[in-house]
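What follows is a single structure, written as structure tokens, with notes after it.
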Amino acid sequence: MNKKGDMTIVSQRNIAKNIFELTLKGDLVRNMNEPGQFVHVRVNNSYLPLLRRPISISSINKEKNECTLIYRAEGMGTELLSKKMVGETLDVLGPLGNGFKIKDMALKKTALLVGGGIGVPPLYQLSKELKAKGINVIHVLGFQDRETVFYESEFAELGTTYIATADGSYGEKGFVTDVIRKYNLDFDHLFSCGPTMMLKALQEEHGHKDVYLSLEERMGCGIGACFACVCRVSENSTDYKKVCSDGPVFKGGEVLL
Amino acid sequence: MNMLSTKLPGLDLKNPIMPASGCFGFGEEYAGLYDLSQLGAIMIKATTPQARFGNPTPRVAETPAGMLNAIGLQNPGLEQVIEKKVKWLEQYDVPLIANVAGATEEDYVIVAKEISKAQNVHALELNISCPNVKAGGITFGVDPTLAAELTRKVKEVSEVPVYVKLSPNVTNIVEMALAVEKAGADGLTMINTLLGMRLDLKTGQPILANKTGGLSGPSIKPVAIRMVYEVSQRVEIPIIGMGGVTNASDVLEFLYAGASAVAVGTANFVDPYVCPQIIEELPEVLSEYGFSHIEECIGRSWKKREGFAHLSS
Amino acid sequence: MNMLSTKLPGLDLKNPIMPASGCFGFGEEYAGLYDLSQLGAIMIKATTPQARFGNPTPRVAETPAGMLNAIGLQNPGLEQVIEKKVKWLEQYDVPLIANVAGATEEDYVIVAKEISKAQNVHALELNISCPNVKAGGITFGVDPTLAAELTRKVKEVSEVPVYVKLSPNVTNIVEMALAVEKAGADGLTMINTLLGMRLDLKTGQPILANKTGGLSGPSIKPVAIRMVYEVSQRVEIPIIGMGGVTNASDVLEFLYAGASAVAVGTANFVDPYVCPQIIEELPEVLSEYGFSHIEECIGRSWKKREGFAHLSS
Amino acid sequence: MNKKGDMTIVSQRNIAKNIFELTLKGDLVRNMNEPGQFVHVRVNNSYLPLLRRPISISSINKEKNECTLIYRAEGMGTELLSKKMVGETLDVLGPLGNGFKIKDMALKKTALLVGGGIGVPPLYQLSKELKAKGINVIHVLGFQDRETVFYESEFAELGTTYIATADGSYGEKGFVTDVIRKYNLDFDHLFSCGPTMMLKALQEEHGHKDVYLSLEERMGCGIGACFACVCRVSENSTDYKKVCSDGPVFKGGEVLL
């Protein structure tokens, strides 16, 4: 039951501006059973960077023993990661956290999946699994601009897909919330991952529905030991949840955003 | 014969390796990864009389070969710690060192008194050096008189030996060590984190919500080694050394410097299996350098060399 | 308009980048690599009244993202420095900051008095913080009263503004800064190295012949940033910041923290062309973050935000 | 006149236990005109390791614009170096220091070249150049044991070559000085590079002859600026020489060993 292992890079592709799709093969995939979980990746066997990097699992291929991550190369760690080549191994800890628990849910007809930028990836595996269960999936995916859009056709294969860009250079101009309003999208479940601002807006507008939100926070250990990634449960108590081990997916209202 | 076993006040150690306080929670997460009974001891997370939420996030930031943290002593409070956390750890054959924190002298005394009664708490670690709590422990950690007074008070109530955790953010670490030794400390643990800061290039603001944080990891090892070296030559009580340990060679370096046992902090985040791995590798490394027991290494950097003739070259 | 030019007491800087003392000799070696007139200033190697050989070797040891040094203020002595080294540097259009060191107050006064007369020495840097000289400057660096007294004495004889170089090895860096400011210092330079040590695994002995040494390089940057941040909010005099700078982003971080100019030390060993490279990249980095002049960045981490509205997001 | 440049790895071979031969191609070779000089190599573009590593130039091929280094992989830097692959580039500073100045010397008939372990490499280019000048070269090369011996045949092609090993597992048992004594080797010039103990012994026994010794010292800058690598010229003065910029080759007696 080792949670850490070397995984082999079987493909690494630049799929949009600074966005990379990385496919890894290894035994850890056997434990990957829930969309929305993440892996904690050590990009370098030295101390630079020192800490691991949390990256969501974007899709899982049990047959091939492979999983795919999609990440934006921006800081030291992800830049280094983007330089890794097929055949190299990566020290991976995972799967970690609690994802979208659709296995335990009484699912109704329609699910709305809302992703913002680098929050889009975990929704892909989720959408595949929902679809497989016969749920009608609608995607609203927000990006900065035309150049950073990715996986449009992959999502479109699974269900109606709206793309929004902040600068209007592609798809709808504006935020994901604008799109939901404009098309008056109707749904039974809302699953979302993206910037906290976006999650907040969704929670405010749709908090009365069945909402699940995936959060981000700077992490140390990724397993619940260091208390780096806590969020409050209410204003007036010391109660908390850890994003890494209680989340990253929480039910709407479960934690303060 | 066991090359690694050693005895310190209150502690009968299978080996000299233990996770450092705050870097291992109360062990629960790591228990899912390996058998905690393998560890020499566990330094559990700082405990205060009442539950604390700690600081706002972000609470960590990365630095070259190190990290900053400003957790702010988040913990469920004395009662919960004893009844839930410490109790739960009883299932393992491993002594606990309880990290005691607070904002006032009374806080420390209350926690020390109660937590030292727990059957598996074999020693206390007075955290007078946490840099991340405003109006908190930090003032004790930089003033020898206050530190000594606190040590005395805690010694009066503690049912187990008391180790004092020294802050590196002082002009004269030896003075601090001597003060708490004189006040009755049974041992020292050192070092806590160096006070540091990182700014976000985009906003110009500190990355940590708390602004400053404690620097830990490999980058601080040279400072830790120097301090253990200086202090171990001047005190009679044993030292549990820490600061940037990531492998068995680092452990050896701390023993040479004068530590009697070694704690591993930040490295647990990089590799959650690091403690058992070090424990596994240590005998090999000791043999490689010609030692048959860890005690032969302790203080080798400054001790008279009689016993070491076989290694001089 | 020049985005980089700035004025500090005694110093009319083309740009805020200068090599740190001890990491650039007297410039001769680097003059073979590029035109020294590109530099904002040069902090020349520490000068003592008499020639010093310094410490035995090894004098350097590597550490994670850093290095230890114990050079021991090797220099050819005041007379040679003035007649040969400083004189030779006159051919370049670059102001010198003369690093003044010694074992006694008189040492400092003699060096300050004479070297400040040199036409291209535009400021002094009082090195009260070198950790590698026994019975030397270090005592001044950790005692506010001694530091203030020394500053006063040197101010009396110096013909140019006096910057005091602060040691990070103190409990309270703000107290040190305020003491020397009150005593008349025209500016501060900070930080000098952290005291550290490394042991050789084979011998158990310190790698440095001097045993302890000064830790520099990227690993100490978080400590330096924190100290510049703390001090710049409390003093009126400008700060030349340093500690682990290796690129233009690091410079920006020091300016945000509150430094008015930035010195580059250890990085010169890693890449001897680093200073001109930073000078070349800095305007680009400033533009990237929306600045049109370095002065807009200074103290951005703590200053009221009026002027920064365009950047808040 | 840039002293720093990227050089391309054209070959990397493991030639004895932990000993690697690395051939680099690049414009810096144009300035390599003196046997005994060294290059200062940055093995990693990060801060781990932070400092450059000084490695002697073992041979120079002007036509191909190539130079060869031979090094022992022991610590972090040289270990990393040994993992570099053909085609990768290395950030190199050099050539640095003063080598064996045979161009300016009035050379007589016979030169004895004495190398110890990882001090052997720079003697190879020296030997080639002496031989080209018609000098009779004799080599005495000392190693730890059979497994660490390298370049025996390369040296043997240029002149008589004695190998000594400390444990006697190959060649003569003992130190290089034992070999010189045993065979009563006669020579006009002595050139040596190796451990200080060895250089000291040579200096004591043969100091009355024309002796040149190449020294090692821990370095910071490698160019004379940091004063890490100084050695004393006499007991009673503050005079010094820097190994990196005044040396690494010194005339016998020029500095205290």
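Of note:
Letters A, B, C and D mark the chains in the order given here, with residues in each chain numbered from 1 onward.
To be clear about the criterion, a residue touches a chain if its C-beta (ideal position, glycine included) is under 8 Å from a C-beta of that chain, and two chains touch if they have at least 3 such contacts.
The chain lineup, named per UniProt: A, D = Dihydroorotate dehydrogenase B (NAD(+)), electron transfer subunit; B, C = Dihydroorotate dehydrogenase.
Computed from a predicted structure; not experimentally measured.
Two chain pairs, A-C and C-D, are weighed by contacting C-beta pairs, with C-D ahead. Work out the mean CA point of subunit B and of subunit D, and you get 46 Å between them.
Here the spacing of subunit C and subunit D, counted between their Cα centres, is 36 Å. Rounded to a whole number, the gap between the C-alpha centres of subunit B and subunit C is 34 angstrom. Those residues of subunit D in touch with two or more other chains are numbered 47-48. Those residues of subunit B in touch with two or more other chains are numbered 63-66, 217-219. Interchain contacts join each chain to each other chain, per the touch definition above. Contact residues on subunit A toward subunit B in their complex (touch as defined above): 2-4, 42, 47-52, 91, 93, 217-232, 238, 240, 245. Residues 46-48 of subunit D touch subunit A in their complex.
The residues of subunit C lying in touch with subunit B in their complex are 63-66, 68, 142, 169-172, 194-199, 201-206, 211-212, 215, 217-223, 225-226, 229, 244, 249, 252-253, 256-257, 289, 297, 300-301, 308, 311-313.
Looking at the complex, you find that subunit C touches subunit D at residues 22-25, 28-30, 32-33, 45, 51-54, 57-67, 69, 71, 74, 76-77, 217-219, 246, 266, 268-273.
Chain contact summary for the complex, subunit B toward subunit D: residues 64-65.
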